[in-house]
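One chain, subunit A, appears in both complexes that follow, with subunit B as partner in the first and subunit C in the second.
And now, the complex of A and B:
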């Protein structure tokens, strides 16, 4: 059932919500999921929804966004609310395995038989029962010791999400696309919990696409745990494309074993308030990680990327690049925490954050945070904030290109570096054209889902 | 085609152009020479519409239009082209995208249909041949990592693409080896026609051996202090500028 909850004082009501609905929350959920709830709930209630008084959330006070009158679904029927399987995705140039979730709950997998042998894709609560050894080995094991309040909230409340398992040596050629559709007649709070396990020598590419198709306010707390085991290759592209009334807190927790190579790319093309928590734990030797992000914001939009790369073992390399273009009164923040533990000799860690501010009112706070406890390491970091280059602009004008076209070319040129890092060719093409559209002001988040082309209601153009 | 009357321009309250008068008729080639810092690039920038410089006096008419009243992009669309002394590197903007946007903006201005991708590529291929520019260059970002010579050739390539009525070549020959110089000169000469005019800004006679000027002017301290036929260039090559400076200061 959908429970409508009026949240004024945060902890008080969230606590009550949890306690009153505990049996529903736990009903049908895997044992391990339920076993972790109590402690997570304690952490969450103790810390609460972070305000900007919490150091890690200094630039994003989440409290106001988690207040209000919100619907929460405590069962699949309530989440789907009759909208079941009627979504279909068909963008010919993007050949993917499509998984649909509605308000955070698994709804539908297209063409399941086309998945390579042994690959498991489905609802986390269902697949956990079928594959208990995998689930119990990994679920909740990679949240680190930071006790992030939002991760704890997710662990306490989440009931469903996607489960993806790729067995040893299997290469999944086509990317798996997890499309989460947010819909409903009332404002809504959505939880989603994904678990992705890529076994030794396996390869997987995942796209996450959260899409609002009704004009209500949506508050999302999603969390994806990824385990990239020995010599695996894993990519995740998180395409954030929602209307301005959306608040999204998105956790991506990647755990790496020996010789694994991972890439995360948060492409925030349009959203209200976005907070991405990206944590990569390099827990074995010779890991390589690529952590990228592109944020394009205007009006009053706000994007906060908080990354934490944990170099726990020697001989690992991390490459981090975040770029942002801010227009109007948009604001953004970047924190790049890099921890090189005493053991992690011969670490290479590169980080950069570059920002383009188009107006006087746009704002960026960029904060590298290097904590280095080993001596044989190469670390570099750099942050830049700039405006459009006048000389380049004049050069373009001198060739007959007007101010507006010139701006688009130069903004695109700025964003280009992150787009080029996409390792899925058709997606790269797609993102290129979307970014260009976004800069042209033709980007119609209401018309279609960025990735799947899903038609949205035009009323959601906010 | 171009009539400049008593043009004054300044930057940060420093007057750099101090009363320029110059008239250029269709088909003519004018060379502007002069010591460093005399205002040659400033004159080019002002004509192209660089807003860094403030025009505080004078007028410029270009094919009957008030040039100073036009936005820089409209000056280009009206047929004015500046080959920059220092072409700007623009990482991330591909040459193809840049030129296609520019060419189609020109076409739109003339109320012509934009070129399709294939028409455009055909045009580009033709012009590349004309100016002997390496294909690799057009596959890269605008001027990014180009050598000095490559940048200058790229300017001539862009000129060939845009077919201007008046081209201003600001020291396009500086730093070029003899081959690149020939390419630049050929590019200019191939585009020559009775309707098209060229202003060649240079320090050296050698470019003027290839692009023969009808008039040579000497710009000094923001004014044209001497104008004559092509023989003036030879004289300058031989004697330097000191005699002009002296003459002017007396």
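And now, the complex of A and C:
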């Protein structure tokens, strides 16, 4: 059922919500999922929804966004709530395996038979029962030791989400696209919990696309745990494209084993308030990780990327690049924490954060951090804040390009450095055109997405 | 040049902390502990006017409501604030007629430190205010400076003689409620230096304060106030040492600088408090608040620091760039060895238009030490065309130490141009090999490379200090190789 909650004093009501609905939350969920709830709930209540008094959330006070009268779905029926679970996705040039979730609950997988043999894709609560040994080995094992309040909240409350398992040596050619559709008649609080396991020598690319298709306020707390085992290759593209009333806290926790190569790219093209918690743990030697992000915000939007790269073992490399363009009264924050643990020798860690401020009222807070406990390392970080280069602009004008066009060209060139890192060609092309349209102001929320206002019609994510 | 090098090397091989002697001077001490009575006693002892006592009590009452901050990347053992003597004075005659009246023991102390307190050392051309265990003992060159209208004296003296100036500026840059250690200082500060440079005067010599903690169980709380009026210039030096002791001693100081229109203040520190022994026993806790405000247009404040001492350093010399076209600079070398911890950096607050700031920070960590840079560059909404460049480098010598960078960039104006760069690395084996091949021992090679690495900052120091700083670096890093 859908439960409507009025939340004024955060801790009290969330505590009540949990206590009163505990049986419903736990009903039908895998044992392991329920086993972790009590402790996570304690952590969450102790810490509460972070305000800007918490160092890690210094630039994003989440408290006001988690207040209000919100619907929460405690069962699949409530989540789907009459909306057709038959969405179709039609992006001709982008061939993907499509998984649809509605309000955080698994709804539908298209063309399941086309998946390579042994690959499991489905609802986390259902698949956990079918593959208990995988689920129990990995679920909740990579949330780090910093006890993030939002991760704890997710562990306490989340009931469903996607489960993706790629067995040893299997290469999944087509990307798997997890489309989470947010819909409802009232403002809504959504939890989603994904678990992705890529076994030794396997390869997988995942796209996360969240869509708000009704105009209500949505508060989203989603968390994806990824385990990239030996010699695996894993990509995840988190495409954030919501309307202005959306608040999204998105956790991405990646755990790497020997010789694995991972890439995360958070493309925040449109949203209300976005907080991305990205944590990469290189728990074995010779790992490579690429952590990228692009954020384009305008109006009163706010984007906060918090990344934490944990070099726990020697001989690992990490590359980080986050770029942002802030227009109107938009604000953004970036934290890039790189930790090189004792004896993680021969580490290479590069990090860069560049920002363009377009108006008087735009704001940026950047906080790159290096914590280094080993000596044979090469680590660097750079952060810049600035405007479009006057000389470059002059150069373009001298060649007959008008100011507006010149601005768009330069902004696009600035953003392209991140787009370039996308390792799925058609997606790169799509994002490229989306970003260009975004700069031209031709694109408001979800340009090619027909979903808006057409429930049940075909959905195309990009 | 080669001779100099030899001399440095000789001194290096000589030893560890060479300022670790203790001078037996008769001291007058207050009982241990901190309460309103002690503060009243300090104030009464110093014969202070009413407004000073009020300032102290206000700060103390506020301090009681505060908690010791724990956000720094430091591991600070609990401090028992009741176990500290807040006031210790070398016993002396009330008025000193000439240098001959100075306690000979005290004179010997300063001779050992190599401080030109003596008139014979006129040639050194530095005016010195020496502060020992919280109280200013002697200020030199007072008369010469007075001719130009420059006031350079202990802050207690200033309270008596220039109460208006003190009342106007004391606490105007670092208010009494600013931070935990700042509030503590405001409540109990015993002495320090006061400098006032009148309009249009260029101070003809370097002004210098030498701080020394001598007595046991004491804390040192000094407060420096520098006011540079329109179109003036002053360069100010600060040096500090302490004897070797097993227990930790607290040093919580405040430096306030006010620069009016077109004034320039250059503040240099060579901090060499006792860092503790090789096992991390003893040493000074150096918790200092330093802040300058560029009040007038076209003013400039420049901080240069060489931090080699102290068991724990917690220090962020900052600039508030309020006047249009004002400039803030921060040059820092922080060296940690053995079990030392340092969390140091700067804050550049851009408020005025066309303000500029530059940050150059060089950290060197060795042994089992932890060295952090923490800095803030803030450009407020109205600060048009602000410009900042920050460069923070860390050098690691050894695999048990840590080097960390925590820069904060908060930009709310689109015309700002802010750049931050940080690198962390160790000395390359090829560099050492190159030096070895040319007959330099590995230890000398490291010294040479480190000195080259910090040159950009050392160059900012006045000549006499630069030589001392270079020697200090060598000594601090001794035993960190091999």
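Here, the second predicted complex is superposed on the first by the 443 of 462 C-alpha atoms of A that agree within 3 Å, B and C clash if a C-alpha of one lies under 4 Å from a C-alpha of the other, contacts with A are read in each partner's own complex, and residues count from 1 in each chain.
Please note the rule applied: a contact is a pair of C-beta atoms (placed from the backbone, for glycine too) under 8 Å apart; a residue touches a chain by one contact, two chains touch by 3 or more.
Remember, predicted model here, so these are calculated numbers, not experimental data.
K.L.:
Quick check for you: in the superposed arrangement, does A:410 touch first (subunit B), second (subunit C), both or neither?
P.N.:
first
K.L.:
Pick one for A:134: touches subunit B only (first), subunit C only (second), both, or neither.
P.N.:
neither
K.L.:
Is A:70 contacted by the first partner subunit B, the second partner subunit C, both or neither?
P.N.:
neither
K.L.:
For A:397, decide between first (touching subunit B), second (touching subunit C), both and neither.
P.N.:
first
K.L.:
Touch check for A:179: first (subunit B), second (subunit C), both, or neither?
P.N.:
A:179 sits against neither subunit B nor subunit C.
K.L.:
Of the two partner chains, subunit B (first) and subunit C (second), which one does A:363 touch, if any: first, second, both, or neither?
P.N.:
The second partner, subunit C, only.
K.L.:
Between subunit B and subunit C, whom does A:262 touch in the aligned arrangement: first, second, both, or neither?
P.N.:
Once the two structures are laid over each other on A, A:262 reaches no partner at all.
K.L.:
Between subunit B (first) and subunit C (second), which does A:435 come into contact with in this model arrangement: first, second, both, or neither?
P.N.:
In the superposition, A:435 contacts neither subunit B nor subunit C.
K.L.:
Return the chain, subunit B or subunit C, that is in touch with more residues of subunit A.
P.N.:
C
K.L.:
Once the complexes are superposed, what residues of subunit A are shared between the subunit B interface and the subunit C interface?
P.N.:
The answer is that subunit A has no such residue.
K.L.:
Along subunit A, where are the residues that touch subunit C in the complex?
P.N.:
By the definition above, subunit A touches subunit C via 55, 342-343, 345, 355, 357-387.
K.L.:
Which part of subunit B faces subunit A closely enough to touch in the complex?
P.N.:
48-52, 71-73, 75-77, 81-82, 84, 87-88, 90-93, 97-98, 101-102, 105-106, 109, 141-142, 158, 162
K.L.:
Residues of subunit C touching subunit A in their complex?
P.N.:
Those in contact with subunit A are residues 71, 73, 381, 394, 396-426.
K.L.:
Which of the residues in subunit A come into contact with subunit B in the complex?
P.N.:
389-392, 394-403, 405, 409-410, 412-417
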